[in-house]
Structures are given as C-alpha cells and as structure tokens.
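Here chain A shows up in two complexes: once beside chain B, once beside chain C.
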Partner chain A sequence: MKNFKAVGGRLLQLALVLWAVVTILFLMFRLMPGNPMAAYIDPTFTLEQQQQLMAQFGLDKPLWHQYLIYLGNLLQGELGQSFRYREPVGQRIWILLPNTLILTFSSLIVAYVFGILAGAYLAWRRGSWVEQAAIPLVLTTRAMPEFWLGMVMLAIFSFSLGWLPAGGTRAPGNEYSGFLDLYTSRDFLAHLALPAATLAIYSQGLPLLLMRSNMLDVMKEDFVTMARIKGLSNWTVVVRHAARNALLPVMTSFAIAVGYQLQGNVVVESVFSWPGLGRELVNAVAASDYPLAQGAFLMIALVVIFMNLLADLLYAFLDPRISHA
Partner chain B sequence: MPEIAAPAIIKPRRPNIIARMFRALRLPMNDPFAVAGLLIYLVFIVVAVFADQIATHDPTEILYTPAYDLAADLRPGQDGFIMGTTSLGRDIFSQLVYGSRSALLIGITAAFMVALIGSVIGLVAGYFGRWVDAILMRLADIAFGIPFLPFVIVLAAFLRPSIWNVVIAMALVLWRDTARVIRSQVLTLRTRGYVEAARVAGSSDFKIILRHIAPNILPLSFLYGSIAIGWAILTEASISFLGFGDPDSISWGYMLQDAFASQALAKQAYYWFVPPGICIILVVSAGFFITRGYENILFPKLSR
Partner chain C sequence: MSEPLLSVRDPLLSVKDLRVSYQVGRNFVHAVDGASFDIPRGSITGLVGESGCGKTTVARALTRVIAENAAITGGQILFDGKDLAKIPEKEMNALRWRDIAFIPQSAMNSLDPVYTVEYQLDEVLRRRGGLSRKQSRARSEELFEMVGIDANRLNDYPHQFSGGMRQRVAIALALALDPKLIIADEPVTALDVIVQRQILDQLKELQTRLGVSVILVTHDISVVAYICDRTVVMYAGKVAESGTMQAALTAPSHPYTMGLRNAFPDLQGAASGILTPIEGAPPNLASPPAGCRFKPRCPFALDICGTEPPVIEVAPDHPVLCHRAHESAALRIESAKTETWMAPA
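Presenting the complex of A and B:
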C-alpha cells in the first residue's frame, strides 16, 4: 500500500512539472522582444489586415487570457498553425517524430548492447592493460562534441571514401509507397548509418561505465561468493549470477538516456540534415516560426519528463530494496 | 557513503585564508588522471592569457598572400600560415589560440555559477529541511523536466547574441544536479556531533552552515564545477554551431560552424575542423579526469 501512495505522489509531482514546463514555455515565447508575427506579416499589409491577423492568432487579448487559451488548446492537443508551412503544428510533428525515434532508438540499442558487453568484459579484466587503456578512451568519447564527431564521420565516410550518403533520409527521386517500405529500404538504412553511428559512439560510455561499476559491486556480494564456493565455473558465475544482477540499473538508465539523446539529436540531426524534431526546432527558431518551435520543444520536453518518470518507477519495481520518496 | 573527516578543530595558529581554501578543496594531487587534467587546464590557461603573444595574426583579419591574392583555403604551412587559412582568408592557428579565451571564460564563469547556485540551494534545502526543502526540491524536479539544449537554443535566439547566453541558461537549469547531491550530503552532515555541539553552544544557523557544513561540501562543489566547465564549453560549441552564437567572438564552436558552412568537409580540409574539436575534447576530458580523481577521494568505494 505504501507503494500506491508513493506512486500517487510521484504522479502529482509529474503534473506539477508538466504544468511548470508548459508555463515556462508560454512565458518564454510571449515575453520575448519583438512582434511574434513580424516574420508572418507582409509589409504590404494594411494596419487593419495586420490587426485582423493578430486577432486571428489571439494576440490582441491580454496575457492572462492568452495563457488560458493556450492551456485550453494544449489540453485538447491543439498546438496551433505553423507560420512557415501553413499547416497544423501537430501534423508536422507527427511526420517528423518517427524519424527522430528511429534515429534515437537504433543508436541507443547499438550503444547499450556494446556498452553492456564491453562494461562486463572490462569489469572481468579489471586491472589489466586493456582496462587501463579503455577507461580514458571511453571518457574521451564522452568529451566529444557530438556534432564534431558527426562532421569527422561525414568527412571520412561520405566525402573521402564515398561509402555513405551525406544527409537526409533517402536519395533524391526515390519514392516509397508506404511507411514500412521506406523504413526498411536499403536507401533509408544507408542514410541512417552515419548519424546513428555518431550517436551510438557518443552514448556507449554511459552503459559501459555503469555496467562496469555495477559488475564490480555485484562481484563482492555474498551470493557471488557462494556461487564460487559451490565450484561453478568462472563463466557461469560472471554471466549467470553477476551480470544478470548488474544489468538492472543499466536498463533503467536506458530511459534517462532516451531523454538525453533527444536533446543531443538537435545538433546531430542538423549536421546530417536528418528531418527530425531537433532539426525542425532549430529551423523553426531561426525562422521565427514560433508555434512550430513551441510544439517541437514541448514534444521533446514531454518525452524527457516521461522518461524520467519511467526510470524512477522501473528502478523501484526492479529493485525492491529501493523505496519511493 | 564514507565518512568525511571533520576539519581539525585544534590549530596552533591561523594559516592564511588562501592556503586554507586550497586545502579545503582537497585537490587530488596523487591521482595521475587528476594531475593530467590539472596540467591540461594549466596549459590552456597560459595560452588564453598570452593569446596576444602566441597568435601569429589577428583572428578576424582577412589576410593576403605575399603575391597579394586572398589567402583563402591555404593548407598548413603554406605561405607561413601554421595551420592554414579559412575560406575567407583568416588564420586558423590564431583563431584556435583566441578560441581558448572564450572557452575558458564561458567554462569558468558557467561552472562557478552552477557550483555556487547548486551548492547554496543544496545547503539551504538540506539544512533547513521541511517546507524549504520541499519547495526547492520541487524546483529541481521542474529543472529536470526542461530539455537543456532546446532551452538554450530558444533563449539564445530571443536574447541578443552573446557568449553569456550559455552561462545564463546553465545557471537557470543545470544547478539541479549539484543541488540534489549537495543536499543529500548535507542531510548526513547535519546529524553529526560537531554540528549538534555548535548548535548547543548557541551558534546561529548561518554560522553553522558557513563554518561547519560548507567547508565539508566544498570538494563536492568543485567536482560538479569541473564537470560544468566541460558542459559549458560543449554547449557553447553546439549553440555556435547551430548559428545562435555571438558572431563577434571567436570560439571553437564558431570555427566549426564556419568550417561546416564553408564546405570544409567536402574540401577535405581536416586541418580546419579537426583541431577545434581536439581542443574541446582536451579541455572537457580534463574536467572528467579531475572528477575521477575526486571521486576516488570522496567515494573510495568506487575506486578500485
């Protein structure tokens, strides 16, 4: 029962965070200097036409009224019209979201499979020269600017060697009949390879270091010593007993990594002209397309907040020794 | 969590304040990683301070070859340009040298802000507890819900382009990690005997925090500060790369953006876009290495 109360508290906290982020977003976009419509209003418009447009977007009302309209619209899932595309923001985001999610998950899955295996290996070979060399190397990958790594990958694999395409999701002129058709085509996968590899190289450090330190902790536990006393082989002890238990916290970190990755995507998508949420956010901000920028920001924030929640809950459910609070 | 030794109570005479501060930081001088990190910092600080003497050209000046042609896209060593020139005829080596200035300026101020705000909030929340703690920690939850890089982009786009945008954004959002860790540390510190003794002796809350608790969390603040230096430099680079940086200041991120926009990748101009990246990696990993040295002191359980 204690758990139910705790989960309830956590959901209340979630509601508070959601409301606060939504409000901060509103204030950021409304209190900025300059007319938000400046980019949209044609200089040849008469004053009357301009005011009519302002009224159409609700910009003639007092701030508190705008805020209520904004909250009401959000609750109905209404994100407004993009200035640039002249289409609903929600629709635009819906088109871009799959691209971002495919990039995020494909790179993270590669990063986690590699990181978990390499982390377990390094824990097992602790103190060896391999470990001595690997740890600074891993720390260095965490210190790289992701977009710079992307630039180097592009220069080598695309411009020097010509193995992979330089940007976008498909070769010009290629049309695909459906969703699945596009995402499983060779063309798409070739375009995915470089950005996904860039993000994977950057992300593998977290699961690797976590797995290594968890393994080292678990190896000291009584049940591992017990398994050794029982005369089980080294392999069985490491894989069946230690690695399994060390894996739990690494898996919960996956949820947090998704949130972080989505923020990092902003730059990597820009380097590879990957039509995802992050690149759209950058373009929308640069072009003063505020409704679209606001929608993209909100979408990213939502994923971050829900992933944080998921990580908390997973952590508590997978490891009963931890109580909520 | 290991015990953190209380500062020695009996001292024959007061050593000067700087030596005391330095000792309170407990710099991990016997950890090879940490020493390497500190050395890297030292080298970049020297380069930044003496940038005027080290740089061979004005980093923003458009240069010409002895034959009076625009010195554009020269390879390293050509016509005496150590690392070559950009597409607009600017000296890459000099830009790299001056880039260390903005990197350190942003890195150190942002780290100071993050460490200061995070420590103060952590101290207050942990020491006073109850509703003060509840409010401050809910604020931290909210800060955790804000996607950082998108936040900086929007902020940088709305404010005037300046290198300080990154510092402001970090001060507004990134105090959250430091504050949480310091708070939990303060929660254990405030139950210690010497804190209780000070309270019984009639010390004010302010004095207890400042004299008895703050010195013990200083190394933790410094640890989070050295991580924040790296974050600030990486963030500035990302923001400049996306075109929201200060066009008047030469930074490594600006150099990378310039190279990317000028087709340096297609031109195979590795001498142009690789060095700024290496510099960023060096400074940021120096922070990580120092952090590792600290963790060995503060959390001996982790070190093996």
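Presenting the complex of A and C:
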C-alpha cells in the first residue's frame, strides 16, 4: 500500500517536471530573436500571403492563446508540422527515435556490464599490477573526446582495414520489410558496431570507476568482515555481499548516463552519419526548423525523465531499506 | 581445584605469547605483544581493557580475519589440538563459524542490509552447516525462539529491527552451527543500560544451557563483573592479570585492575561510592615505554618498574604482570582511596 502511494507521488512529480519542460520549450522558441517562419517564407511571397501563412500556423494569436493550443495539441500527441520536411514532426521522430535508442542502449549496456565486472575485479585485485595498469588506461578513455575517438575508429576499422561500414544504418539499396527485420539484420548490426563501440568505450569509465570505488568502500564494511569470519567462500564474500551492495549507486548512474548519452549521441551520430534524433536535432536547429527541434528536445527530455523514474523504482527494488522504509 | 568447570588443566583455547603487529607506513605497531591466557571449557571469560589495549585485535586474531595491514607475528593459539596461528588458511576457514563464531559490536553494520535476516541465517546454515533448505528453515525458527524473537520476523530486513533485537539476531547467528567458542566483541556497548542487561542475561542463560565457551571483549569492567566466570585484563598489548572472576575482581593484584574497578559503576546498581578515573592515556604502541607499560600512570610505580616486569603467580591460576604483585594486599587498601589516583605518579 505504501509502495503504491510512493509511486503515485513520484508520478505526480514527474508530471510536474514534464509540464515545466514543455513550457520552457514553448517559451524558448517563441522568445528567440527572429521570425520563426523565416525559413518557411519565401521572400517573393506577398505580405498578404505571409500573413495568411502566419495565421495558418496560428502565429498571429496572443502568446497565451498559442500556449493553450500548444498544450492541447501535445495532449493529443500532436507535435506540429516540420518546416523542412513538410510532414508531421511526430512521424519524423517515430522514424528516428528507434535508431537513437538502439545506439544508446546497446552501447550503454555493453559499457555497464563491462564496467561493473571490471570495476569489481579491479577493486578485488587492489594494489596488483593489473590495477596499476588499468586505472590510467580507463582515465585515458574518459579523457578522449567522443568525436575524436569516433574518427580514429573510422580511420582504423573502416578506411584502413575495411572491416566495417563507415556510416548510416544500412548498405545502399538494401530494403527491409519492417523494423524488426531491419534491426536484426547483419547489415544493420555491422553499421551499429562502430558508433556503439565508440560510445561504449567512452562510457565504460564511469561505471568502472564508480563500481571500483564503491567496492573498496563496501569491502571495509563490517558485514563483509563478518562474512569472512563466517568462513564463507571468497566468491560469496566478494560477489554476494560486497558487489551486491556496491552495485546500488551504479544502477542509479545508469539512468543518469542515458541522459548524458543522448547528448553524446549528437556528436557521435554526426560523425557516423547515424540517422538518429541527435543528428536531426542539430540539423533542425541549424535550419531553423523549430517544430522539429522542439519535438526532438521534448522526446529527449521524455526519455531522460522516464529513465529517472525507472532508476528510482529500480533502486527501491534493489535496496530494501528504501522500499520498506 | 575447587571448581572443575573452570579448570584450566584442559583448556578449550590456550593463547601463548601471541603477537600481532600492524604496519603503519614504515613503522610496526605491536598491538598485541606477547599475550598469554587460557579459556576453559563452558565458561564466560571477560577480556577487558581500555580502547587501544589490543583486546579487539586479540579477538580478531583468534578468527584470523584481521586488518590487511596486520599480521600474527608470533606465538600460538592452541584450539582443539591445533595451532590456529599456523594451520593453512583452508583448514582455518573450515573451522570458522562451525567451531568459532563471532558476535560483533554493532549488529546494524555487521548484518548485510540488502538481505533478510533469514537469508543471512540460511547462508550460514546451508553453505557452512550443510543443512537442507527445510532443515535450515526449522533451525532458523528454533534459533529465533532461543533468542526470544517471533519467528515471523525472519523475513524482515536488518533495518526493521531495533538495536537490541539486532543484537539478538547476531547472537542467533553465532549459535547457528553450535560452535565450541563464541567471541563477543563489545556485544552490548552500543545499547542502553536496560537492553544491555537483557542481552547479557540472555547470553549467560544460553551459554549455561548450551555449555559453549564465550570470550566477552569489553572495556566495561562492570559487564565482566556481571556475567563472567573469569577475566583477562589487558593493558598496552599485554595481559596485566588473569584469573577467576573472584580472584581478579575482588582481590585484584595489578594496579591497573584496581584502577579499572574504581573507574566503573556497578551494573547491578549498587552505589559503590565515587568513581575515580585513572589519569592519563594508554601509551602509543609504536614506541611503548621501557619496562612496565603501566608505569607512567601507576600510583605505585618504583624505580624497578623501569625494567621488564615478571609474571608472578599470586595464587594458583592467577598470574600478574607486576614487580609489586607480592605486595598486592597492601596496594589494594591504598588503591581504594581516591587520593591515591589524584596525585600524578
């Protein structure tokens, strides 16, 4: 019963955050200097035609009225019409979002699984030569800019060795009957490999270092010492007690990392010409395609908010002190 | 001997000249510097002394789970015909918890917060005791009943218990595999006086019923007086005095024991007059004073105390590490006076 109440409260909070994001997005684009229609309106249009277009997009109405219409449309899932593509923003996002999510989650899952295992291992082997060599290496991966790493990966694996394709999601000319068909094809996975590897190499440092330092802290806890005094095997002590407890903050960091990763995607998607939301966002802003940019921002915000909720719920599930408090 | 139960002729555990050192930077701190004592079967022995006197280090050395920068550098720990200081790690691990269990000071921190109490009992019962799932459940219920907790709380997490309850859980855990020896490291220090007494009563009752031997590590001599059969008084890494409760606390022969007795109130509530502290602090063990280590704080110190004190048996089974142990009857009378401890020695 208590749990339901907590989740309900959390959902209400989430709705408030969402409303704030939506409002900020609305104001951000309205308050920017310049006419939002600049990209849309041809200079050869007559003033009358221009005003007609403004009216068509509802830009002649007062701000509060526009805001209400905007909220009303959003509630119906209506994100507006892209200036550039002359098609609904929702449709555009629907095509691009899966590419971004697949790239983000495949790279992050690889990064976290590797980071958690390696971090736990390095904590366990504290002071050994393995640890001494690994820590500077990990810090180096953290220090490399993503775009640079991406270009190096491209130079080596695509241009020199020719093992993997350089960009896009599929070889030219290949057609697929549906999403699932495309995403499970060898072609798609080969295209995914380099950008995902780039992001994974960039992202594994955070969970690795976090896991390692948490492990080192937890290993000093009394209950780990007690587990040893109980004569439990080394594996049980390290995995079931130390790693299990050290994992908690790392899991939370995963959700936050998704948010960062979506930012990072903007760069990596551009380097690898990956048709995702990040690249589209950059293009939309550059082309003053405000409805599309607004929609892309909103989508990214939605994913981040949702991941934060997931992190909270997951934490409550993993840590009984929170769910039973 | 008059009391066969407390006989030290066939001790369960015999610690001989035990040395444990910590490496701190380039220095070695000899936290335990030649401690010898016996633990008879079926008794509670209080290991008492101030913070930093080495009592917890001794307790942990008996399990051989010690700090990373610590090592047993000498001596013997004879237990059941084996020298625990020497046997291979594998053999030692087989012995842990099955023969030697441990009750920690803070059960809050020593129970894993993410598992239920039943999981933690089950872990010991099945992984270490080889019980089946069903037997383990039955034994867990039995253990909870023994320490007076309702069995339907087995599924609770550690944070759902009160401090006293958690300490009972820790006792249940220690009893799980019917060990021969339980080492209790300050088991009631974190509790209020009323709960302290309940836990001590319970420990005593279970110890008597099960015939297990208990080493009770404490800084509180009134706790020792309350439930222990024997006492080992430690000071600065050495055993100052040891013997039966009767011998060591009603007729203490080491000035340090006399001072400790004056410094604590009685747990049973009898007002024993003014409390008199021992001035000063225990020496830094990285560079202990020459000769008797208690000399700088001892009101009875003489010039001779600058040399290594001998172990003198003031009575059978009552060794005292003091040059003036023979005069202890006279010193006892002096030590009862507050003025004795006021003047800097």
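In this section, the second predicted complex is superposed on the first by the 298 of 325 C-alpha atoms of A that agree within 3 Å, B and C clash if a C-alpha of one lies under 4 Å from a C-alpha of the other, contacts with A are read in each partner's own complex, and residues count from 1 in each chain.
Keep in mind that, in the parts below, a residue touches a chain if its C-beta (ideal position, glycine included) is under 8 Å from a C-beta of that chain, and two chains touch if they have at least 3 such contacts.
Just so you know, these numbers come straight off a predicted model, no measurement behind them.
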- Task: Pick one for A:R92: touches chain B only (first), chain C only (second), both, or neither.
- Result: neither
- Message: On the A-aligned overlay, A:E221 touches which partner chain: chain B = first, chain C = second, or both, or neither?
- Response: second
- First, second, both or neither for A:N245, with chain B first and chain C second: second
- Task: Mind working out whether A:F297 is in touch with chain B, chain C, both or neither, as first, second, both or neither?
- Result: first
- Message: Between chain B and chain C, whom does A:T236 touch in the aligned arrangement: first, second, both, or neither?
- Response: second
- Considering only touches as defined above, state whether A:V152 meets chain B (first), chain C (second), both or neither. first
- Max touched-residue count on chain A (chain B vs chain C) belongs to chain B
- Task: Could you please specify the touching residues of chain B with respect to chain A in the complex?
- Result: 33, 138, 141-142, 144-151, 153-155, 157-158, 230, 234, 237-238, 241-244, 253, 256, 259-260, 265-266, 268, 270, 273-274, 276-277, 280-281, 284-285, 287-289, 292, 302, 304
- Inside the complex, what are the residues of chain A that reach chain C? 221-223, 225-233, 236, 240-241, 244-245, 248, 318-321, 324-325
- Residue ranges of chain A touching chain B (in the complex, touch as defined): 13, 16-18, 20-21, 24, 28-29, 32-33, 126-127, 136, 139-140, 142-149, 151-152, 154-155, 158-160, 213, 216, 259, 262-264, 266-267, 270-271, 278, 281-282, 285-286, 293, 296-297, 300-301, 304-305, 308
- Query: Touching chain A in the complex: which residues of chain C?
  - Reply: 63, 65, 93-98, 102, 104, 106, 109-114, 116, 123-124, 127-128, 157, 159-160
